[in-house]
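Submitted below is the structure of interest, expressed as structure tokens.
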Amino acid sequence: MSKTMLAVVKAEPKAGAEIRDVAVPQFGPTDVLVHVRVASVCGTDLHIYNWDSWAQRRIHPPLIPGHEFCGEVAAVGREVTSVKPGDFVSAEMHVACGKCFQCRTGDAHICQNVTIIGVDSDGAFAEYVRIPESNIWKIDPSIPADYASVLDPLGNAVHAVLAGEIAGRTVAITGCGPIGLFAIAVARALGASTVFAIEVNAHRRKIAQQMKADHVLDPATQDVKSIVLDQTGGVGADVVLEMAGHPDAIRTAFDIVRRGGRISLLGLTSKPVSLNFSEDIIFKGITIQGINGRRMYQTWYQMQALLKSGKLDLTPVITDRMPMRDFSRGMERLTTGEASKILLYPNGVK
Amino acid sequence: MSKTMLAVVKAEPKAGAEIRDVAVPQFGPTDVLVHVRVASVCGTDLHIYNWDSWAQRRIHPPLIPGHEFCGEVAAVGREVTSVKPGDFVSAEMHVACGKCFQCRTGDAHICQNVTIIGVDSDGAFAEYVRIPESNIWKIDPSIPADYASVLDPLGNAVHAVLAGEIAGRTVAITGCGPIGLFAIAVARALGASTVFAIEVNAHRRKIAQQMKADHVLDPATQDVKSIVLDQTGGVGADVVLEMAGHPDAIRTAFDIVRRGGRISLLGLTSKPVSLNFSEDIIFKGITIQGINGRRMYQTWYQMQALLKSGKLDLTPVITDRMPMRDFSRGMERLTTGEASKILLYPNGVK
Amino acid sequence: MSKTMLAVVKAEPKAGAEIRDVAVPQFGPTDVLVHVRVASVCGTDLHIYNWDSWAQRRIHPPLIPGHEFCGEVAAVGREVTSVKPGDFVSAEMHVACGKCFQCRTGDAHICQNVTIIGVDSDGAFAEYVRIPESNIWKIDPSIPADYASVLDPLGNAVHAVLAGEIAGRTVAITGCGPIGLFAIAVARALGASTVFAIEVNAHRRKIAQQMKADHVLDPATQDVKSIVLDQTGGVGADVVLEMAGHPDAIRTAFDIVRRGGRISLLGLTSKPVSLNFSEDIIFKGITIQGINGRRMYQTWYQMQALLKSGKLDLTPVITDRMPMRDFSRGMERLTTGEASKILLYPNGVK
Amino acid sequence: MSKTMLAVVKAEPKAGAEIRDVAVPQFGPTDVLVHVRVASVCGTDLHIYNWDSWAQRRIHPPLIPGHEFCGEVAAVGREVTSVKPGDFVSAEMHVACGKCFQCRTGDAHICQNVTIIGVDSDGAFAEYVRIPESNIWKIDPSIPADYASVLDPLGNAVHAVLAGEIAGRTVAITGCGPIGLFAIAVARALGASTVFAIEVNAHRRKIAQQMKADHVLDPATQDVKSIVLDQTGGVGADVVLEMAGHPDAIRTAFDIVRRGGRISLLGLTSKPVSLNFSEDIIFKGITIQGINGRRMYQTWYQMQALLKSGKLDLTPVITDRMPMRDFSRGMERLTTGEASKILLYPNGVK
């Protein structure tokens, strides 16, 4: 194994990123070193690249970003027992402390002291990445590598869809970025009766069609509320998955959810949102949930079961594949709004 | 409307049944009179026909049996508001009292004072049947009449499958009578990752194959426990739906359920079953549920949503169709073990 | 039985109310006529009295207000079977339609077509009130009449407390009107480990002390967030019951709830509330619930069980008792902020 | 610190135990060495002492038994961060593997590879005991040491009581050994409306009275089913906690549970139990749960919260206190059926 490797490096506290040769990570007795086969780009990576206000507060260069990937185990620390070199793996990149109240009561996904690999420490946009054994997820070899590289955002979708009842329910998804698009497939696979996909961007609406949403709606030109009420016998949607993070979409979510329904919020927004608590929440008796990360590791088992049984077709969401060297071009593609999920290959596109 | 109608009548406290002309039922202000289009035969009807010990205790002839059907509303009492003549309907045949603790706390399906139409009062093996408005279920016209006639047993299956988590779970079904067969389709539609169907009867196993169970097993010749453990990475089945009502199948259910899994019991048995509580239940930390009827009316909404969205193919289960006049021939077919679901048509097979 | 009775009447669409002799209500075959022993005043009654903007939209005079009461059955319609004259009763005043999706799936408390006795039709501030049998609640005779007159708001508190886990949890209650005060007693009786009562009004804080809240805090002079964090080992409150309906209190609720905690919203507000969805909800992974009415009739059974077993001391909340004739004086007392729960006696204070 | 310590040692594969001087345990980098202040005797310890068939299969002498205790941290391994010498602690003695399906999905209490300190490795009937940091539970200093020594069985009771709804519920406890007695206190503290304690042993019934069960029943002389039905308005008990492990008590549990109720099984039995599945489980629509250990670590947090807020009076259950040297006398006391919880003090009774 070489001592250096190719990596995307956020070297300076300013916009941009570099492709560099850096040292392969060292690893301790409970760590696993993974040879990255495919990495996937998240909106977070674009924030880091653009060095926006969130990135300026959170990121401490130099940093190798990247928190969605799969690969083979290259080496393991001496206390590692659950995987061995050659195993096909991905990882939960939220590293929980294991000692706080949330960690000790089954809610490690909202650990008080969480750190994120690829955000707070070096990540997967490189030939090798170091992962603690506790966070390694061994992947069934029948799952394609491209799918295996997007388990992080797919897990967000699975977590959101399964945060309440879904069988035989009508589901509206506001916002069709990659996680929203994945959620269409997941909701369908788990027996949602009707899926509404609501999205202003025409590229994304087209993919939502390919993901087989029952109704793909453009809130800029269509009366979403009327259509949802019409299609649900005047009742409203049982479940709304808010994945846009835009105040207009959030407003729509509250307008279309039925009495007693649930809104699962995943889309982040820095803008304040104003609600009429009496009319929007209390009289309707609804439930609102903040969805963060993926349940460790219930979501992972559920996701793997769905993938292994062939119930999810994710191909329409993967719009771009490129060598990792072309990272900056990927950032440009993402900025156009034309790309959805972009896969990076450290060793070239296979 | 004629004043008399064709009906299957259990006239005497002995084996058999007659086809007769009887008076069309009278109905009160809150009743609905339904013109039966299709009725479906349940194992209970065979017990009544054969006049076994259960029937001798429960049934008071004369009785028109039949509790699975669909049809059109023929007439309504003066206080009825939710349906009108011509509407396509079925009904929940468990008539709950509405006043007991269970009824007032959302558990009407286990009402203390329940009576069953077709068991305790005249049922649907006739041209007309009288149903209280509260129990009428209006059917979306897009649902085929044959499917609409089996909502009662399909609802049993939906109730059992949804009595706990199912998404991404491995499910074993012991016993592939009609409800077990329906449960295969329901579990698959709701995202079960792997479905094991376990059945000694070769006719039923063949239908289980057609319902697309992942593994169809014959406990008489195969080592069910080993196979389930092999296919679940040594963990065992997350969910077991016990629909055989035979001590051997029940034993299998406890053997194959994983630690922390659930067993939902639906198959009735008059034989005592012996368990080792420590090993079978406590150390494994499992949950066991008695499944009775269908939730009123959550199950009905979920079932309708699944049917309307085309997620269930029930055709392999419907093995026989015949005019209602041929009821006795239907009983013979059922006795052979070759038939699964038999549909009866009061006005001839369409 | 006299043909006329004393009643509080909102006769005109303007502020105020009159004490009048009016006809005793007529009742149908499924109705129960109740002789009111004690009625209790709700904040809603003050809105009606003051003829504020909400009342102007919702209320159609003439109306007898009043929706909290107990009394004896005076007469029953011919189809009534569950109570008889002389029985001690109260009632759920939300009359659900029984036919909408919510009613048929166990959520009648958020019925699409609900009407409220005392708001939409004549209520309990009178010697007699007419109630449909379905909504009558028979009261165990061991429960004192004063307590029996406040089951409606006590039920709000029980519903809110039991809308999620409470055993061994830290609970913060923002707003100590009668429902907030009741919630202190309920939370304690159900094993909450620590109860914080947060209230700006000194009279109410004094009662909160008498209800044995562990910490009674004045947000005008104390740093509520710091105190709650200190007392919970830095974690925050497991459960927040928001019963103030004021934007400042709602802000506090989001500030003090722990990661993964729940906020149950009951306090109504006509003012828009602004939130940072990312920080307030999503990253913390919290659950927010709108609490409306009382579950029909789970809440009623739970409440009766708590009262019957003597686990709730409600006496500090009942600050005023007066003859029903003095209704206007009651309205004045409520306006001062000194009174909490005011009981009215149609036949004089016993 | 001395290099040797006093310990109870099961030295040979036969009945009895010895008091010996043995080496103080060595500890690794992630271990905590605890100086035992109080240890408590479990029925399991009597099985080991008597060398019954279970013990012969499970126990490999030499072994120091004991799995209920509290004490002060004497020393910590170099990687330990959550406690320091002098801290007051107890421990969860079920050591979970952390890598199996159950461990990774929040069910570590039913880990596939669990080992138990005091059963599979040296335990707490000694001056010092070695515990992995992951299993250490830091105790609030306000909790008395005697209570802190019984967190293991108290946790069984808390786990069982909280395995379903308890607020405002009627609860029957069959079997009043220490865990059953603790469950009386826990159920009361969490708002159970009525607690029935059912026990054949007069000594235990007396303690059940002291624990303030509402009804203490002797199944040998009283008609338990009739009494429970009478006291619950003919409905039956909402919850039955089966803690006897005797077929007669299990039979009673099924007889008295209401339709839709739950039976939580904790009492172990080596005898087969025979049930009529149709009548006992399916028609009644009940739920049966196997209760094993304590949830890691939800139960511990809940238990600590209840103890810290002073809601549990456990003193009647602690019948005997003696120096650890008198272990054999403790075994005799337990055999008489007169003792309930026996506390052992390595350094003499304080």
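To keep things simple, chains are lettered A, B, C and D as they appear, and every chain counts its residues starting from 1.
Assume contacts are C-beta pairs under 8 Å (C-beta built on N, C-alpha and C of every residue); 3 or more make two chains touch, one makes a residue touch a chain.
What you are looking at is a predicted structure, and each value in this text was computed from that prediction instead of being measured.
J.: Comparing the two chain pairs, does A-B have more C-beta contacts than B-C, or is it the other way round?
T.: Pair with more contacting C-beta pairs, B-C versus A-B: A-B.
J.: Centre to centre, by mean C-alpha position, how many angstrom separate chain A and chain B?
T.: 41
J.: Report the inter-chain centroid distance for chain B and chain C in whole angstrom, where each centroid is the mean of the CA atoms.
T.: Each chain reduced to its C-alpha mean, chain B and chain C end up 43 Å apart.
J.: By residue number and range, which residues of chain D touch two or more other chains?
T.: Within chain D, residues 101, 301 contact more than one other chain.
J.: If every chain is a node and each touching pair gets an edge, what shape is that graph: line, ring, star, complete or other?
T.: complete
J.: Could you list, by residue number, the parts of chain D that touch chain C in their complex?
T.: For this pair, the touching residues of chain D are 162, 166-170, 189-191, 193-194, 214, 301-306, 308-309, 311.
J.: Which residues, counting only chain B, touch chain C once they are in their complex?
T.: Contacts found on chain B: 81-82, 98-99, 101, 104-106, 134, 296-298, 300-301.
J.: Could you please specify the touching residues of chain A with respect to chain C in the complex?
T.: Going through chain A, the ones touching chain C are 101-102, 107, 109-110, 112, 233, 235, 245, 250, 258-260, 265-266, 268-270, 272-278, 281-292.
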